[in-house]
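Read through the structures below before going on.
Note that subunit A is present in both complexes that follow, paired respectively with subunit B and with subunit C.
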Partner chain A sequence: MKNTSRFVPALYILFLLLPIYWLVNMSFKTTNEILGSFTLWPQEFTFENYITIFTDPTWYMGYVNSLAYVSINTALSVAVALPAAYAFSRYRFLGDKHLFFWLLTNRMAPPAVFALPFFQLYSAVGLFDTYWAVALAHTLFNIPLAVWILEGFMSGVPKELDETAYVDGYSFPRFFIKIFIPTIAAGIGVAAFFCFMFSWVELLLAKTLTAVDAKPIAATMTRTASTSGYELGLLAAAGTLTIIPGAFVIYFVRNYIARGFALGRV
Partner chain B sequence: MTLELINVSKRVGVEQHIYPTDLKLEPGGINILLGTTLSGKTTLMQMMAGLDPLTTGSLQFNGQDVTKTPVQKRNVSMVYQQFINYPNFNVFENIASPLRVAGVAEDEIKRRVGEMAELMKLSPMLNRRPTELSGGQQQRTAMARALVKDADLVLLDEPLANLDFKLREELRDELPRLFADRNCVVVYATTEPVEALLFGGHTATLHEGCVTQFGPTGEVYRNPKDLISAEVFSEPPINHANVIKAGQTITLENGVSWTAEGIATGLADGAYILGLRPHHVMPQQSGKQPVEVSGEVLVTELSGSESVIHFTVGDRTWVSQSHGIHPVEVGAHETLHADVSEAFYFDGSGNRITG
Partner chain C sequence: MNKIENQKAWFFVLPVLLLVAFNAIVPLMTVVNYSIQETFGDNTFFWAGVMWFEDVLHSERFHAALGRQMIFTFSILAIEIPLGVAIALTMPRKGFWVPVCLVLMALPLLIPYNVVGAMWNIFALPDIGLLGRTLNAIGFDYNFTRQPGDAWFTLILMDVWHWTSLVVLLAYAGLVSIPDAYYQAAKIDGAKPFAIFRYIQLPKMKRVLTIAVLLRFMDSFMIYTEPFVLTGGGPGNSTTLLSIDLVKVALGQFDLGPAAAMSLIYFLIILLMSWVFYTVMMRNEAQ
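And now, the complex of A and B:
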């Protein structure tokens, strides 16, 4: 009995980790080894793939570009969502519930639907192939999500806290910045995490709205062949590096996400 | 220093939350808002504080109209039933926050917060976060913050309701002392008639958004203006029954009758509603004019020093509350003694007839 209770989760974790292991495994192999034979671990262990990525601007600029528009997008989405979520959680106004639901419907369409209008629009106004193009396009999906998450956290704060602050003499902006934002810091962390993750993994819009200057890493990575033929080892190394920021962010917000789930909002 | 409410009312959509109300609240003694949950105590307090705009009427403080003055400029403080503190500040900063906003000098803040913490027995936990404190300490912190700034108007919205019994008793004893030497208007909302009686001062009874009576607490308790005020200010609930007076004989709806004495002699013949507080219905004969009422015992609550017996009188349930333990069987037919000399008489629309 005790053995099965360990065996089953162990098997599951193994199953989950297998593709990641295989990716990391490949990233330390040469392309020849990957294509030539089936090996459980690198026979000719090499850092060559990583060295290429960190020295070749066409590779490492992909990371810089991705991080740039992801950061802009996350900051923008959370900054815009904060006052919106506050309004939804604290005030009753005509059509508030419908509007709140309608926000979410934006997320129901696949990003592909918006690729063409964004492409045409950004080309016309000269935003095409900039960080802002992708960052703004992603806010379409991230602001509603951030509003939804933040509203949950804000509604968990009794409105008496606001009133106590006013009674104590706080003006609204001072209360919001000095008391309210620190109080819902966990929620802001969770919202920022989801914005980051969406923007980080979203490929289609990022690829369509950029060409050279703002090309994201995912776009660089998905060109499977180059002039030197297949570079599977290089792609695997790039993939491994792409996982790291996500893992890093998840590590910091892991405790708060549980709270977000408890509020039924994530 | 007085707070005056003139024709104040609150309406949200089609719902009337507070009916037009006139109140004049004075410092010295606690002003109590007594009413059940949803009777409008909190709404009324928020309107007094300026957190909730008035639909009609005006608020005057010391003869000055403050109806439109924003809450930040009013020098009020408020304590809620939930323990509301700033979770990101430690206890010291929580208490100091109104002073910081007001721009009080640093050493002055230290001194006043120190004094207040001493008074509220919070000195050892000044560096802790509110969430690390017990419920009683959290509420003391909230109270310390309300008191530290010398507000002109202190609003306490059931501050003891969420505390356990021991702490509630303790803070209940401390409260009147805290305000004894302050020149401010104190308003205290509660659902418990006992608290109102303990604090004295003035009491306003609230029922469904209506202030039914306002006056010195003892006066309101002894001389309820109408049936509703008597009901609000009675725990366990006041007993009532229909009575008919003919000549000098008063007959209860279950057929029991007695000869009118005292106040009842002045009543004209006709139908009335009789109200009698539970502690005037006793298992043994006592009081000036005991009348036997009997019925089936439904529930008995025997606490250490008190017996509460619920029994039927005709179609109604009456409650008897008496000192000492009076064991009676549930389901038994018991005879109790109602001291009708203490009864209130109300007319058909609930107004009290004082003869």
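And now, the complex of A and C:
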């Protein structure tokens, strides 16, 4: 039993890493080697693909654009979700349960359904092809998620904390910023992690709402795949680089992941 | 916790409400608007009533796409949920390996959807991909771009690769919340491992597992980018799931009316099934 229990997660992680290894492996190969022969590791090791990405603005601006709208989206979603989650966890008000479910229904809306209307809406308000268009569009599913996670964390904080603060003469804004937010810091971290995650991985809306100036890296990749034929090495290098920000974020929240999943309900 | 009745709480919710309403209600109304009108492409619209809805509900194409979607969603649920629970049960609870496992397992969750598709594409190509080459070398006639069965196998394997970790993390979170005293009590009673699983671990994981099923159901029903990049819905129409079909109708053929009607039916199916899950979940929590 002891041996098998080590064996299963190890095998699973191996399964997870194999496709990633193949991508990284391919990113260090030349196009000739990829198409000409089947090799388990690069024979003619090359940084050519990475050099292309870091020197060509149509490539590296894709990363800048993606990180820009993901950051705006994460900050915005968490900022507006904080007071709302507080209201849901502390007060009863007219229509609160319906409102909560309505918010969640937006997490269930398929992006494919909204792609075209979003394009028309953001063109009409003049935000098309800006970071704000994508950041705002992604709040559709990230705000409900952030409210859901934060509400879970806040309900875990005893109400006596609020009451003691008022007795001590704290005003509400001062209590919220000085006491309450530090108390649920872990929850904010987890909510920010999920907002980052879902905004970073989404492509359909990000691609529909941008053309040139705010084009995300993922969309740049689909263009290269279709127009310049078989530049698989370049594609693999670009793909490898999209994994890195995610890996960083996971590393920073690693101690909260398990706890966050349990408390934050997601 | 008993909550205080306070109508001013609405002010706290207002920013969220405005932002989400801007993003949800205007586009939804646009879709509803298209779904009940007919156009000949010159920006003049005619009342069409429920014509498009009847068309979609009776079209074989929609039934076929919905059928494929159901098969896909229920297959991945049937694989990912038990597999995720099994892996969570065998994961270490303490020590150096816990964060290592968590970080490595969470990695696929943070890879952009199209990169997942592209990665699996080059991983499974029969001539230059590790998986495709290996399968052919050991005697399978494997080619996911030509044979529908292979395309389905690759699609489901990709989704298992991509999302099982979510189930693992959720189930693991449920498991670590069980106090040690429970296990000690079970040991004193001489409980078998299966009895421990059935009467201690499973009940404790019930809530997180409901969430896992709900999330996996919603997300797999909405899946678009990964299968689009991997197979493009082919070979033929064999892996054309609902989203892919919808985008083909809406952006490819620009049939706004049928696409809008299809969108609404699609959204309602997800909404209805999610509402059932949500109600069951909330009832469990209330108990």
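Here is the rule we use: the second predicted complex is superposed on the first by the 250 of 266 C-alpha atoms of A that agree within 3 Å, B and C clash if a C-alpha of one lies under 4 Å from a C-alpha of the other, contacts with A are read in each partner's own complex, and residues count from 1 in each chain.
Basically, a contact is a pair of C-beta atoms (placed from the backbone, for glycine too) under 8 Å apart; a residue touches a chain by one contact, two chains touch by 3 or more.
It should be emphasised that the depicted structure is a prediction, and the values quoted were computed from it without experimental measurement.
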item: Three-chain arrangement built on subunit A, subunit B and subunit C clash or fit; value: fit
item: Partner chain(s) touched by A:I179 [first = subunit B, second = subunit C, both, neither]; value: first
item: Touching partner for A:L94 - first (subunit B), second (subunit C), both, neither; value: second
item: Which of subunit B and subunit C A:V78 touches, first, second, both or neither; value: neither
item: Which of subunit B and subunit C A:Q120 touches, first, second, both or neither; value: second
item: If touched residues of subunit A are counted for subunit B and for subunit C, the larger one; value: C
item: First, second, both or neither for A:V190, with subunit B first and subunit C second; value: neither
item: From subunit A, separation angle of subunit B and subunit C (C-alpha centres, steps of 10 degrees); value: 90
item: Contacts of A:L17 with subunit B and subunit C, given as first, second, both or neither; value: second
item: Partner chain in contact with A:T164 - subunit B first, subunit C second, else both or neither; value: first
item: Superposed arrangement (fit on chain A Cα atoms) - minimum subunit B/subunit C Cα distance in Å; value: 8
item: Residue ranges of subunit B touching subunit A (in the complex, touch as defined); value: 46, 49, 51, 71-72, 76-78, 80, 82, 84, 86-89, 97-98, 101-102, 142, 145, 149
item: Complex interface listing, subunit C residues touching subunit A; value: 1, 3-10, 12-13, 15-17, 19-20, 22-24, 26-28, 30-31, 86-87, 90-92, 99, 101-115, 118-120, 122-123, 127-131, 133, 161, 164-165, 168-170, 172-174, 176-177, 193, 208, 211, 215, 218, 221-222, 224-225, 229, 242-243, 246-247, 250-251, 256, 259, 263-264, 266-267, 270-271, 274-275, 278
item: Sites on subunit A touched by subunit B in the complex; value: 158, 160-161, 163-171, 174, 179, 182-183, 185
item: For the subunit A and subunit C complex, residues of the former touching the latter; value: 1, 4-9, 12-13, 15-20, 22-23, 26, 34-35, 38, 40, 76, 80-81, 83-84, 86-94, 96, 99, 101, 103-118, 120-121, 136-137, 139-140, 143-144, 147, 155, 159, 197, 200-204, 217-218, 221-222, 225, 232, 235-236, 239, 242-243, 245-247, 249-251, 254-255, 257-262, 265-266
